[in-house]
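Each of the two complexes below includes subunit A, the first together with subunit B, the second together with subunit C.
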Partner chain A sequence: MLLEVSNVSVWYDKAMLINNVSMGVDQGELVSLVGPNGAGKSTLLRTITGLVAWEKELKKRSTHGEIKLEGQITFDGERIDKVPAHEIVRRGLILAPERRRPFKEMTVIDNLMVGAYLIRDKANIEENLEKVYQLFPVLKERSHQVSGTLSGGEQQMLAVGRALMSRPTVLLLDEPSLGLAPRVIAAIFGVLDELRHEGLSILLVEQDAAVALRHADRGYVMRTGRVVRAGTAGELLADDGVREIYLGPRHGSEG
Partner chain B sequence: MSMVLDIVVMGLIKGSIYALLAISFSLIFGVARIVNIAHTAFYMVAAYCIYTATHYLGWHPVPAMLIAIVISILLGMITYKLVLNPIREHEGAVLIATMAIAMIFQEIMTLAFTGTYLSVPNLIDGFIEILGVKVFNQQLLTLGSAVVVMVLLVLFLFKTKLGLALRSTAQDREVANLMGINESKVAMITMGIAIGLAGFAGAIVVPLEILEPHMWTTPLVMMMAVVVLGGLGSLKGSFVAAYIMGFTEASVVFLSPQGAFLKVSVALLIMIIVLLIRPEGLFGVYFEEER
Partner chain C sequence: MKLILFYLRKLLAVVRNEVLVLPSRVAVIIFFLFILLLPSFTDDVYILRVFTLTCIFAIFAASWDLLCGFTGQLNFGHALFFGVGAYSAALMNIHWQLAPWFSIPLGALVAVAAGLTVGIPALRLKGTYLALTTMAFPIIVIGLIFTFPGFTGGELGISGIQKLAPTRIEEYYVISILMLVLCTIMWKITDSNTGIIFHAIREDEIAVRASGVNTTRYKLLAFCLSGFFAGLAGGLYAHFMRIVGPSTLDVSLSFQVVIWSIFGGAATIYGPVAAVFFLYPTLELFHLIQDYRTIVFAIVVLLVLIFMPDGLFRWLREKVEEECPRCKVRNVAWRKTCRVCTASLE
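The block that comes next holds the complex of A and B.
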């Protein structure tokens, strides 16, 4: 597989947040990773992108707890679990983080430029920018607006746009639908479908399993740090067990 | 009338020096999350470098200034690498360490130069008369170069790629990291630039000030007051607050010469009054929580 997570476990102090997880994303696939609150989905994405390892280094130098990491992550056949977080994007892997995290006091265009930070060639940057503007025309209209004043939907588009500015091979998305109106969610998923048809590999984390799986090729279901189900999107949608995991703790999407 | 002009000149000079110090202090705080108590101690070191170069080595003041700034930048980066980076996540340790660095510099200067008051020659002599008031060319030079450097800093922050890296790291270092910015390296570069700015402030002010090993303490208090008054983390706030404090100090000195020793107290009093009305400072910004 293009991106492969093998037997990864993560502990924050004594708590085991990721419990021996193995999963992967193949070239050109859209894979959905679903599961209820606190399942460890975001932690897994942060582990893949090196942020957990980075945090671990910081914690070593502070007095606030410690992190333990185990397992192996490969990308395009090479191990990336020891690659520092700021080098991961160079390999072609990028995350649009949970809660969007725009650089709030910076303009939309500056946010996008940070996404293209490692690209040296100006023409390439221009090309990527055109592409992002074409996918999200509203970002072009607002390019000189401070991003903290954008609406939630626009901020999500900015988070995805910023990630795309690096021309990734695999795009990791953490809950892009969070708190958005159905119309905006549909627009964002429309773009994801489009990107996938162009050959981008996507790992999508969502709480709303129905929406996420409907757009996916395959899926994984996580719960309390473990992968409890894996299969094609169709299999998982039809699986009563999956529905139960969901309807138990949490029902429906936000209003 | 002439007193007004005196106040304006001194207020502008003091304000510009405080602005340079406060902005560079805020840069380190914002990007590297270090409260650098030693900030004005580096300013003092730069001043002594100039004294050494001009007095003992017989250099012209201009190359002496340049060397002093280069030494400041290197000292800043070395201090970051060796002392601050390993303890950066531990706020208490950083406070104590930077305080210790300041004391060490003070003691080294006392040993090397004793505690006597020293002075450094002007870069340019002479004066011009504006509305009957003598304004020394050195004062104008200090003021002019401070303003030029601040403009250059703004251009650097807003027009260059490295400036973009600094700004984004200051806002959310985790996401900056994700986008390929080596935040630890950016923190070290910031430290170099900011200490270079502090050194520059020391270099341009030293002909106007008395050189002695405690010359870092009053500017430290004023600089911190400026940062708090302007709103922690706001460069614009630091800029505006610096001139408020500079003019306050100048007004006290000229309006009641016998009460000149109260200048810092009055400036701090103004800070307290503003903070009672606006606790977040003049341009207070909220801080991005990290996760």
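The block that comes next holds the complex of A and C.
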């Protein structure tokens, strides 16, 4: 596997947020990680990208409790669980964070330039920018607009575009559909399909299991910190148990 | 001769096409000319002295803006860098007989070290906590100064520091030209890629991290750069005043710089510089109404903050210039069509 997470556990103080999770993403795959609120999906992404370890470093001497990390993450055959967050990005594992987090007072183009931080070659940046503009033409139109004035969907496109600016090997997306209209979600997933056909590996975290699995090769279902189901997207879509995981077991004569 | 004429014509063309089209650029040119020509209007020692100090504080205010306006690392103890720069320059000059050309930059490097000392603990703190912590540092240094009066001069400070230049006019030119150069450099820094990252850190540090930037390094860089420029200002102050006392580390100086920057418009560099040039001489002018000086000053500042919360000079700029809705190029507000893409501005 290109990206492999094995037996990872994360504690925030005494709460175990991730409980012995193993999963992976192969070259050119789109893998969806679905599950209800509080399942630990976002935490897992943040663990993979080193942001949890960074937070742990920051909190070391504070009184707000401790973060504990266990397990092993490998990317491209090398262990990355001890590598600092900015270094992980350099290796090609790039996250488009939850709630998009654009730099609201900065223009769209400046936002994208922060994404291109790792690239020194001007022509290369130009080329990636062209590519992002081609995927999301609306960003080109709005390139000099302050990003705080964009709509939610456009901000999500900006977040994905910013992540694409340094040419990731694996793109990690945290809830790209959050708070968006179905039509906009469809547009964003259309782009993800396109990227996947070009051979980009994508790890997608979503609450909306149906949409996420329809576009994926494989999927994992998480609940309260564990992976409770894994399989191809088709299998999971057909699995009634997945619905149960979201809604809880049926009672009495309902449904 | 022909070549000179050619370049002159080229220069004129640049001035006409690039400078005269925007009021803000005209203002910058007028400001530069004013600074450089001031001694030819007056050789009054008092006025030159006021403007020399204004220049020193302009560097100081711009350095605060670089750290706090752009990177968002709220520093309420900025006088630390100023005082450390001033004291280091003074001590090196007195004890090692270093000429100002060496003592000032070396003093600034000591201020960089001070920047690191504040910067490293600051990495763990945010917002109010950071602001309160930074406030403590200059007070600690004042404590140190009082503990070793033999070396630091204690409450009386260090006097008898070498003059920067023989005459007031020369001193004025050294400091004012340095001010123009240093502020231009700071503005260039904020305009560069580094500046974009500073700005992005203020907006959302996690997202910057997620883009592969070592934000720790950039935050420390901001502290160091800011410390360096503030230290230079402090060193210039030491050699200009020829006496350095604990007042260079005073809490009031730390807050003065915050007031200047917010008044002029934080995160612009030009805002704080213009604000110092507006407020510092104005405060001197208020000597005429000695008794009410501070209260009138406070009222002026409060009115500006209430009605122009983004800063006086940014507000002014928004009044006379507007962005073309199509190509985002700035235009004079009274133009009907954009000067580049000819889109209608109405």
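Convention: the second predicted complex is superposed on the first by the 246 of 255 C-alpha atoms of A that agree within 3 Å, B and C clash if a C-alpha of one lies under 4 Å from a C-alpha of the other, contacts with A are read in each partner's own complex, and residues count from 1 in each chain.
In this section, contacts are C-beta pairs under 8 Å (C-beta built on N, C-alpha and C of every residue); 3 or more make two chains touch, one makes a residue touch a chain.
This one's a predicted model, so the numbers in the text were calculated from it and none came from an experiment.
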Fit-or-clash call for subunit B and subunit C when the two complexes are aligned on subunit A: clash
Which superposed partner A:V146 touches (first subunit B, second subunit C, both, neither): neither
First, second, both or neither for A:R162, with subunit B first and subunit C second: both
Subunit B versus subunit C as contact partner of A:F103, first or second or both or neither: both
Doubly contacted subunit A residues - partners subunit C and subunit B: 49, 51, 54, 58, 61-62, 84-86, 89-90, 94-95, 97, 101, 103-106, 110, 113-115, 117-118, 162, 166
Contact set on subunit A toward subunit C in their complex: 49, 51, 54, 58, 61-62, 84-86, 89-90, 94-97, 101-106, 110-111, 113-115, 117-118, 144-145, 162-163, 165-166
Complex contacts: residues of subunit B adjacent to subunit A: 86-90, 161, 164-165, 167-168, 171-172, 174-183, 285, 288
Of subunit C, residues touching subunit A in the complex: 123-124, 193, 196-197, 199-200, 203-204, 206-215, 327-328
Subunit A residues within the subunit B interface of the complex: 49, 51, 54, 58-59, 61-64, 84-90, 94-95, 97, 101, 103-106, 110, 113-115, 117-118, 162, 166
